[in-house]
Amino acid sequence: MSAALNETAAGWEPLIVSFCCNWCSYAGGDLAGTSRMSYPANVKVIRVPCSGRMNPLFVLRAFQRGADGVLVAGCHPGDCHYTSGNYQSRRRLSAFKRLVEFAGFEPERFEVRWISSSEGDKFAEEMTSMTEKIKALGPNRKMRDARWQSVTSKV
Amino acid sequence: MAERNIESVNKVREAVSQDLLGGRIDLLLGWEKGHYWWQSRPLFARSEEDLEKLAWDSFCAVNLSRYLLEELKDHDKIGVLVKGCDARAFNRLLQDNMVKRDQVILYGLPCPGMLDYNRLIEKAGGALLGITEENGRVILNIESGEQEAQRDDLLLDKCKDCRYPDPAVYDQLLFSPQGEKEGPERFKTVEELEEMSAEERFGYWEKELSRCLRCYACRQACPFCSCRECFVEQENPRWQGRAYQPSENFMFHLVRAYHGTGRCIDCGECERSCPVDIPLQELNRKLIKDINELYGDYEAGLDAEQEPPLLTYRPDDPAAFSEK
Amino acid sequence: MSSANVLMPQQATILDITEETPDIKTLRVVGKEGMPFDFMPGQCAMLSLPPVGEAIFSITSSPTCRECLEFSIKDVGNVSGALHGLVPGQQIGIRGPYGNGFPVEKMKGKDLLFIGGGIGLAPLRSLIGYCFAHREDYGQIDIVYGARSPADLIRKSEVKESWAEEPDTNVHLTVDAEFPDWDGNVGFVPTYVSELGFSPENKIAVTCGPPIMIKFVLQALDKLKFSPEQVITTLEMRMKCGVGKCGRCNLGPVYVCKDGPVFSLDQLNALPAEY
Amino acid sequence: MKKVIAREKLPELWKSLAAKGPLFLPIQEGPVVLFQPWQEGAEINLDAVNTAVSPKDVFLPREETYMQYRCSGKQLELIPAENIEPVTAFGVHPCDLKAVEMLDKVYIDQDPPDALYKKRRENTTVVGLSCSEPDPFCFCNEFGVDPADAPGADVMAHLKNGSVLLEARTDKGKALLEQAGDLLQDGSKETAEVKDVKTADFGLNLEGLPENLKERFEDPVWDELYKSCLGCGVCTYVCPTCYCFDVEDFGHEGEGQRFRCWDSCMYGHFTAMAGGHNPRAGRKERVRQRFMHKLQYYPEIFNEIACVGCGRCLRSCPVNLDIVQAIKALGGETVEQR
């Protein structure tokens, strides 16, 4: 993850880390790609087997290492490849989203979206809209490890 | 001395000694006095002599259920004195399959709430020789005489807004129940924090968490922290660094609290154990409040049969994010 | 007294890496200007490979080898695993030497019995090499070395060929079970020691290996009437500093990193058995 | 050299000291008092008997980076990165300073000296502060500490009615008072209003305890004593004489740093070896290690018990398993008491 999270030297561009469910959202991203729909290069996609695989540690580690926003994308409720993974993650990530907001993160920094494998357009839209929102919000410094920054800025 | 309870401690002793000396239990987990009258520490009683040390007074704050995790390795059947929170802790361990119901005999102690020595001292405004209690009032014996105070004003933070002072699970209830309480200010601080801007809130937590020593007392005292290996000690990947950086402080405390979602019994042992008084309970209570709002009222540890909210779902659940 | 930070490693380079067994590799290491430091057999060094970290390893080469330091390392953890993944020419950090080393002076004029198991040969090899280099100072040398299988014996050719050819030296190899290409002894090291029936007269026994082997070797030596003063072993502990400050490796008031790792059995018997 | 300063002038003094380098002192941080660096607006609390965590932080920081590394290809560059500047520690109570002297024995006197600690120690000017009111947990009298005087201080401060008497004891101390210049008035005729401070009497008898404990490693008392221990590290982190540390790297394959930080013998991973073996695998072994270190191992090497009676473990242990309980359980109790 270290290389993916470097800030570019010239000007600030937000870094969005998107954890995408292998079965729906990641495929949705593929469809967006093959259909030549464009979405911002700010988004770095990490594939997870299911949105139910999401561990809050992943999200916080992304913020520690330089993410300005984190987006989890999974199958629509009812469509989980493993039957109930996204029903579980809806509860877990709802509680987690409120907790990170309670810790002082702006609500826009952490989002969850349902994107199916046929929704290439939605994938592109959500990634674009997340990027725009984070651009408007500015860089995230909360929970970013200052030591990591000093390390990466010199590389 | 804290002489509230000569009679009640005798009653407790009577109840447990039959079982302990009769061999129905091998060990009794209770409390004994510490160096001072306002300190009580865990007692591991195996004999009549041990039982003489037994204490049950307004300073028995330590949650005993947690000790079952270790003691059940060496004992077949253990008796535990349980206050409301200790009983919920027991249910918590039961739900996590850490203990079996028939390994334990629970002696229920409806709890009037435990007193905070610092509050007593503050109230006394000087040397405090001891206290006596009657009918919800505390009489402080100070050098210049006596001073009276409302008991409710002198409780530990963790007891102030306790809603369930009566044990939710027991084999024998030793005193008459206190009844369910309102706990009107339980979420007051959470709500105040919610009112703040994101920046202010972050600043608040950054400052509070900056005191963290990473002593893990909050974790060790906690009945929901019963993992064999905590993420803190995990290697490859190493999630929790040991540096005292704000980033690492947030990592530990957010994940610790989050792991208690739908599992925290609101006993406040984490906060009471913290040597630098970080308001950890507010993180836990935030999660309790949100779970209640989103997925219906749930009090962890009240009913071991009821499915914890993060272990179940309904297809029409609401979400804290947009689902369009 | 030096004012340099003892925790600060110096730069070193890996000359080459030899695969000894499926999970043991030997690394040859040089400092910026030749040998990073002088040392005695039985001493250890901290090797570091950021960002993985630092760990302590015993030096397996003899101090008489002036070209480089050698470390035979078993892949058991983060640092050892990462070291296994390196290639020649890679730079690492090194600091040391740490510990007391073997009592080579006290051993002078004695017959020597070395008993090693598996990776436990690593510190013994340094001492054995030293004794061969000072051959006239020591009497008859017996080396008992064993491993689970022939493939788990380290430094095989050196042990079998060079050592066995040294004057007044016997090498006794053993493996735990029968193997098709193995014509040597089959049996556990402690049993083999008993069978070989060494006399304790004017002899010092030095043993190193897995804790369970050491335990039974000590029993075997006791049966052969070796007194605790005649038996020497070396201990392994988790260490962070190497200089008796970080607080992990103590047996009572004794710190394995600076007062050990080499102890005679009578010394160990007087200490809490917390190892 | 003796000087006097009015209490209301103290903030000016602190400000001027802080302008010259970091100034550590007891600061009210929410509900607790901690020994921390001064900054504008900090609420200094000199009346607190004890800071929640001992001032050892000044000499042995909870986290200290001492190396940076850079890696590219096969190249590895290791760069010393310690950053040690002159500091002032203001308001160190006699027990805590005695404890620092115990750390000195390990970190300076015992070869090889720890350069980082030594440099910090030499670079620190200590302003000791006498105690006027002990709290119920203070029991430094048991260890021969005089709450009214810290012999090792560069400057000894005594709180008086409305003023503070500052007495320089060393050249470093004199320099500190001279720097303060006009803020201080001559105090050569002043005397400290020394009270005979009596700390808690737990009825301990420490005579011969370390010697007695030598044979008690396997004593059954350990089978009971550890039971209430939760296995947290509170006692070790608040303790002024605990000094264990860990070393860890932070960074990625390209660049990063190495630091040392406090560690605790109460943690299971403290002694866990890479292969999985752990010589102190359970809470019993760890509790025994901690108390034996204080009461037997350290005294065996340095001829004094590694406790100064500051009372922090009595105050902070969530289950009241403290050193007094341990000493009593191990027979270090005056016979008449019970």
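The first chain written gets the first letter, and so on, giving A, B, C and D; residue counts start at 1 in each chain.
The rule is short, and it goes like this: contacts are C-beta pairs under 8 Å (C-beta built on N, C-alpha and C of every residue); 3 or more make two chains touch, one makes a residue touch a chain.
This is a predicted model, so every value here is computed, not measured.
Colleague: Mean of the CA atoms for each chain, then the mean for all of them together: which chain is nearest?
Modeller: Nearest to the common C-alpha centre lies chain D.
Colleague: Roughly how far is chain A from chain B, centre to centre by C-alpha average, rounded to an integer in Å?
Modeller: Whole-Å distance between the two chain centres: 37.
Colleague: Using mean CA coordinates as chain centres, what's the gap between chain B and chain C in Å?
Modeller: Inter-chain centre distance comes to 51 Å.
Colleague: Any idea how many Å lie between the Cα centroids of chain C and chain D?
Modeller: Here the centre of chain D sits 39 Å away from the centre of chain C.
Colleague: Two-or-more-chain contact residues of chain D, please, as numbers and ranges.
Modeller: Touching at least two other chains: 246, 248, 250-253, 256, 263.
Colleague: Could you check chain A for residues that touch two or more other chains and list them?
Modeller: 145, 147
Colleague: Could you say which residues in chain C touch two or more other chains, in rising order?
Modeller: 78
Colleague: Please list, in label order, each pair of chains that touches.
Modeller: So the chains that touch one another pair up as A-B, A-D, B-D, C-D.
Colleague: Help me check something: in the complex, which residues belonging to chain D touch chain B?
Modeller: Listed in rising order, the residues of chain D that touch chain B are 29-32, 34, 52-53, 62-63, 136, 202, 224, 227-228, 230-234, 236-238, 246, 248, 250, 259, 261-264, 267-269, 283, 314, 316, 318-321, 324-325.
Colleague: Given the complex with chain D, which residues does chain B contribute to the contact?
Modeller: Per the stated touch rule, the residues are 34-36, 39-42, 44, 62, 66-67, 70-71, 207-208, 211, 213-217, 219-221, 233, 241-245, 269, 272-273, 275-277.
Colleague: Chain D touches which residues of chain A in the complex?
Modeller: Going by the criterion above, the answer is residues 2, 145, 147-148, 151-152, 154-155.
Colleague: Per the contact definition, I'd like the list of chain A residues that touch chain B in the complex.
Modeller: Residues 56-57, 60-61, 64, 77-78, 84, 87-88, 90-107, 111-114, 142-147 of chain A touch chain B in their complex.
Colleague: Chain D touches which residues of chain C in the complex?
Modeller: 1-11, 48, 50-55, 76-80, 87, 89-93, 211, 236-238, 240-241, 243-250, 252-253, 272, 274-275
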